[in-house]
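Got a structure for you, questions after.
Labels run A, B, C and D following the written order; every chain starts at residue 1.
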Amino acid sequence: MLAPAAGAYAVKGFCAFAPGSVASAENLRMLTVGGTCEEVSATVHAAASWTDGSVKLAEIAFAFEAGRDGPTYFWVEWGSQVRRAKPGPAALQSLSQTLYFEEAEVPSPDFDLGAGTLLVRVERHPDLWYYAYFVPTAAILGLLVWRKARLGR
Amino acid sequence: MAAEDLKLRERALALFAARDGRPAALEYFEDAVRSEDISAGDGPLLGVFCNFVPAEVVEAAGAVPVRLCSGSVVAQSVGEQMMPRDTCPVARATFGAVAGGFGLASRVRAVVVPTSCDAKRRLAEFLSDYVPVLSLSIPPRNDYRTELPYWVSELERLAEGLSRITGVTPTRARLEAAILRRRARQDAFRDLGRARLRYPHVLAGSDLALVAAAAFAAESSRWAEATRRLASEVRTLGEARPRPADFVPLVLTGAPLLWPAWKLYDVIQSAGGSVVADTLCSVTQGLDDPVQVDDWSRAGIMRALALRYFAASLCPCFMDTTALTDRVFELVHDWKAQGVVAHNLRLCQLAEMQSARLRHILRDKGIPFLAVDTELGTEDVEQVRVRVEAFMEMIRERPCAQR
Amino acid sequence: MMRPTAVARWSVQIAAFGLLIYGGFLVKAALGRSVLPGVSAPAGAYSSNTLPQQSIAWAPGDEPAFNFYPPGAACRFNPGGGLFKACIVHMFSENLTWRTPLKYLSLYLFLFVLLAFLFGRAWCGWICPLGTLGDALTGLRRLLHIDHADFSGGFRKALRICSYGILAPTLAVSAFIGMPAFTPYQCYLFLPYCQVCPARLLCPLFGGRTSTLADFTNGISSFLSIASWVVLGLFVAAFFLGRRIWCHLCPIGLVNSWFNRGSPLELRKDQVRCNRCAACADACPMGLDHVVRKKGKAVLNEPGCVLCLRCVDACPRDSCLSVTFWGKQLIQSKYRETHS
Amino acid sequence: MATKVVVLSDGKAVGKALVNTGTDPRAAGAEALSQALGQAGLQECELPRIVTGYGRVVANNGARTITEILAAARGAHCVAPLADGVIDLGGQDTKVIKLGPDGTVADFIMNDKCAAGTGRFLELMVSALGVDFDGLGDLAAAAAKPARINSTCAVFAGSEVVSLIARSVPESDIAAGLFASIASRIAALATHVGGAGRYAFIGGGAKSPAMKKALESALGKEVIVPDDPQFVVALGAALSAAQP
C-alpha cells in the first residue's frame, strides 16, 4: 500500500477516564516510549467532564514527526502528582494532515483509578490509496444513473 | 327433435372422421361429445355457460360441471319458438337445447349463467322457466385491481348457491382437491399443445375442437388421460410423416365455433388451410390457463380462482381487449401462422366489432386477415367458401419473404 | 409443488443466514484475524463496543472476519462479529458520529456501491437474515392456511416515506452528536436506529448472546430496550401477516432500493405473452402489482421489488417473465405441470 | 346472374360471350363457351380453361378453378395496369381488392352475404321505380339533389323508396340516392382494406356511368372503368388458364 510522505502530522485522540480519576486536564501528560521517556509537548483539554468536575473525556493533540512506517507508541500518564511541563506546540494548527492515536491495549479491569499510564499507538494511514477508491465508486454511480435515465420511469 | 339433433351431430362427426391418417386416440373424444363419458355415478350434473364459471367451485360443491353452450341448428329452431329471431344464435340454440331437453341438457340439476353479454343476461331468464338458474354477474372491466373484490364476492355467492342445491359446502380442502384434480386437464392440454407445436400438421383444427368439445362434458381425469394418449400419438405420427410442403397454418379468432356448427373448420380445411391455434372460448380459452394458487388459504384459493376465470379471460365483453390482440400476435409468432381468420357469428356485435378493430391492427403489421360473417346453419356455405378460398389464394400468392 | 426458484432461494437464504451469523467464527478460525482493517473509533469516543447499554459491549476479539459493510449483513452486535462488520446504516451512523475523514471510508463505500449495483435489492430478497427469518414466519402462516393481510398501495407508499423518516433523522442525529460541543450526548444517542432495530435483538440471539435483549441499568437503556421489544413485536406481526410489508419500512432496504432500477440484474416482461391473470401480483410478497400493470415496459425493477422472483414462478405463460443479468437470460417463466 | 366466357389467344381476347345463367349453370357454361369459341372462330377443343365464380364448384367439368377475387385481380391488372385497387360491383356480391405491386392480391373484402350494396340491390330498386337499369342511370344523371337512402338492405330500401315516392320526391333524386347509397357502402369497404391510390371499377355495375359518378364522389377520386367491365373477371380467369 502507498504510504504518505514522511513529515509532521497533527495527532489527535481521546482518552476516557472514570469519575474522579483525573481532576483536571493539567494532571495528564504524554511520554515517549522506551529510552528516557521524556515528555512530548501536547495540548490537552477535557472534551467532557463528570458531574464532580473530573475529566471524563480528554482530547489530546500533539505533533508527530513520522520518520518510518509502522506504529509509534506513546504513554499517556495521569494522576494527582502528574503535572504537564511542556505547553502544547504552537504549529499544530498549521499541520494539514491529521492522524488519530488509538489505545494500543485494553486496560485490565483492576488498574488503579487514581493514577496510571495508558499505551497509545500512532500509525500512518496510507492516504492516496484511500482516495483512489473514489474513482471506481464514482464510475459505478455514473453507470447506475445512466442506466436509470435510459430505462425511464 | 332430439333425434334430429343427434342425427346432425353424427353427420358432423362422420364429416370430420372422414379425413384419413387421423389419430386413433380421437375415438374417446367422439364418444365424449356423444355425451357418453358422464356416468350417473359422477354426481348431479350442473350446466354451465362460458368459461367464467369456475369448474373447481362446482366440483368442490359435489356437482359435475357440463358446458351446455350449443351450436346445433335443430336446437336453435326450437329456441326460436320462444326467443326473437334476431338474437344471438348461440343463445337461441342453447336455450333450445335446454327447452327441448337435448342430450345432457335434459339431465342437469341446475345451470349457472354468467352475464357476460346482453344475450346471456336474458338467456338466464328464459332458462329459469325450465331449470333452476344461478347467475354470475360479470363486471364490464376485467382489471383485477378495481373489480377483484366484487368478483370474489360473486364466486362466494355462487358457492353458497351451489351448496344449497347439492347440500355440499365447498370447503378449503375440497377446493384444493378440486383444483389439483382439474389441474390435470391443463397439464394434459399443454402437453398436447407442445406436441402440436412440434408437429402442427398431424392434428386438424377440427380435431383440436373435438378435444375441446369433449371437455365440455367429460370427467376431467379420464379426459386428461385421453388427451395425454393423443399427445403421444401426435408425436409418433409426427415423426412418421413429414409436414406437407403446402402447409398453411392459420390462427382462428372471434366468436366461438360451438359443436356441431363447424362449417368454418370444414371450409378452411377443404381449402387447404389448417387452424393450428385459436383464441376461441370454445376451444383453447377454457383449457390452457391454469389456476395459479399462491396462498392455499380459502381466501387465497378463491382469489386465485377469480384471477384465472376473470382477469385472464379474453372475452370481448370486457372494455379492454388488448389482451386478445396481444394473444393473436403471440400465436401468429409462435405458430408461424400465415394468416388470421376471424369468425363473426351473426348478431354477436362484440365479436364483430372486435374483428373490425383487429383487421386494422393486423393490416398495419402486414398479417393477412379474413373476417367471415356466418351463422350456425350451412345455408351460406358457398359464400363462406368463396371468401376462405380467395384468402388461401391470397396467402399462397404472397412472396415467401412476407409469409 | 415447490418451484425451482423457490428451492434455490430457500437454500441461498439459509446458507447466507448461517454464514452471516456464524461465518465470523469459521473464517477467523481459518485466517486468525480480520481480513480488512476496520475504521476504528477514536479512543474514548463511544464506539460500538461501548454503547449506552453497557451490556452490548464487545468482548475483545469480537471483530468481524471481513471488516466491511455489504448491502445485506448481519448485525454489528453478533458475538464473533459475524462474517461482515455491519449494515450500511450502522456504518453511516457511527462514522458520522466519529467524524471519520471520508477518505478512510472510501474502500467501504466502493465495496457497498459495487455490490448494491450488481444485485440491487436481491440482497433483501435472498441474503438479508431478517428477511429470511420473516420468510420463515410467512411459511409458518402458509402452513396454517391463514391468508395474508393485503395492504393498499397508499399504505405501502406511506411506509416508504416512513423509511425516509427513519433514515434521515438517524443520520442527522449521528452527525449532530459528533460535533465536539455535543459529544456528551453520545452516551444517549449513539447509533440511534440500532437502539430499536430488530436485528440488534435477533442476530446476536442466534449468535448465542442474550445480553442485547434487555438492559435496565438506567432509564434511557430501559426505555430503549422496551422500545426495541415493541418494534420487534411489530416486526413479527408484519412478517407473519403481511408477508414482506416490513421491507417497505426498512432503512437498509431503502438504501438498497436506490440501486434496484438500473442494476444489471433485471426482471423483464414480454407484454405480448402476458394474459393479465395477475398471478404475479397475487404472489408478490411486497404486495406490488407492477409486473401485470406495467404495459409495454420491458424492465420491471421497481424500487420496492426485492427480486425474490416469486412472480416468475407464478407466471403460467411460457417465457413471459424472465430474469437477465447484463442481457444474459438466467431464468424465464414457463408452465409447469403439477401432475405427471 | 350471368355466365361469361373469354377466349384468349396469345394475350388478346378473341372471343367473348355472356349468357344468362338461369337455373342450370352447366348448360349456361357450355352455351357461353360455344358462343365465345364461335366468335373466336375456333372449334370445341382442349383449351386449358379455368372456371371461376359461384359456378366453379358445380360447373367446372374437371377444369381448374380459382375464386373470382383472384380472377378479378388478374383481369383488372391486365386491363388497367396502373390501378392498385379493384372495385367489383357484381350481381351477387361486391368486392374491394387491394393489389400488390405485381398485381397480386394484397388484401380484399366482400360485402356480407345478403344482397345489400350489390348489383342485385339495384335491380330490385329498378323494379320499384318502374324503369330499366339504364333508365335508372339516366334519371340519376338528371338529379338536382340526391335523396338520402339510409337502408342498404334491399327489402327495407324498397319500402324507403316507396315512401319517398309518396312524399313526391322527384324520381331522379331517388335514383341518384340509390346509387349514392351503394357507393357509400363500397367506399366503406374500401377504407376497411386500407384504401388504394387508383381503383379499377369492374363488374356489371361499372357499365352505368351514374354508378361510376356516384362512386367517384364517394371515394373522392377518379376510378378507371375498362371496356366491357363485366368481362374482366372472366378475362382474369382466362389469363390464369394461359399460365401453365
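One rule holds in what follows: contacts are C-beta pairs under 8 Å (C-beta built on N, C-alpha and C of every residue); 3 or more make two chains touch, one makes a residue touch a chain.
Because the structure is a prediction, the values reported are computed rather than measured.
Peer 1: Can you give the whole-Å distance between the Cα centres of chain C and chain D?
Peer 2: 76
Peer 1: Using mean CA coordinates as chain centres, what's the gap between chain A and chain C in Å?
Peer 2: For chain A versus chain C, the centre distance works out to 34 Å.
Peer 1: I'd like to verify one number: the distance from the centre of chain B to the centre of chain C, where each centre is the average of its C-alpha atoms, in whole angstrom.
Peer 2: So the centre of chain B lies 48 Å away from the centre of chain C.
Peer 1: State, to the nearest whole Å, the distance from the C-alpha centre of chain A to the C-alpha centre of chain B.
Peer 2: It comes to 81 Å between the two C-alpha centres.
Peer 1: For chain B, write out the residues touching at least two other chains, lowest number first.
Peer 2: If we look for residues of chain B contacting two or more partner chains, we find none.
Peer 1: Out of chain C, which residues touch more than one other chain, so two or more?
Peer 2: Chain C, residues with two or more chain partners: not present.
Peer 1: Among all residues of chain A, which ones touch two or more of the remaining chains?
Peer 2: none
Peer 1: Connecting every touching chain pair, does the picture come out as line, ring, star, complete or other?
Peer 2: Its topology is that of a line.
Peer 1: With touch defined as at the top, which chains are paired up in contact here?
Peer 2: Those chain pairs satisfying the definition are A-C, B-C, B-D.
Peer 1: Any idea which chain C residues touch chain B in the complex?
Peer 2: Of all residues in chain C, those touching chain B are 142, 145-148, 271-279, 281-283, 289, 292-293, 295, 310, 314-316, 335, 337-340.
Peer 1: What residues of chain A sit close enough to touch chain C in their complex?
Peer 2: Spelled out, the residues of chain A in touch with chain C are 12-16, 47-48, 56-59, 98, 100-103, 106, 120, 125, 127, 130-134, 136-137, 140-141, 143-148, 151.
Peer 1: Show which residues of chain B lie in contact with chain D when the two form their complex.
Peer 2: 356, 359-360, 363, 368-369, 373-374, 380, 382-383, 385-387, 389-390, 393-394, 397-398
Peer 1: If we count contacts the way the header does, which residues on chain B are in touch with chain C in the complex?
Peer 2: 142, 144-145, 172, 180, 183-184, 186-187, 190-191, 224, 228, 289-290, 292, 294-300, 303-304, 307-308, 311-312, 314, 322-323, 326-327, 329-330, 333
Peer 1: Give the list of chain C residues in touch with chain A in this complex.
Peer 2: 40, 42-45, 60, 101, 103-104, 106-107, 109-110, 113-114, 117, 180, 183-184, 259, 261-264, 299, 301
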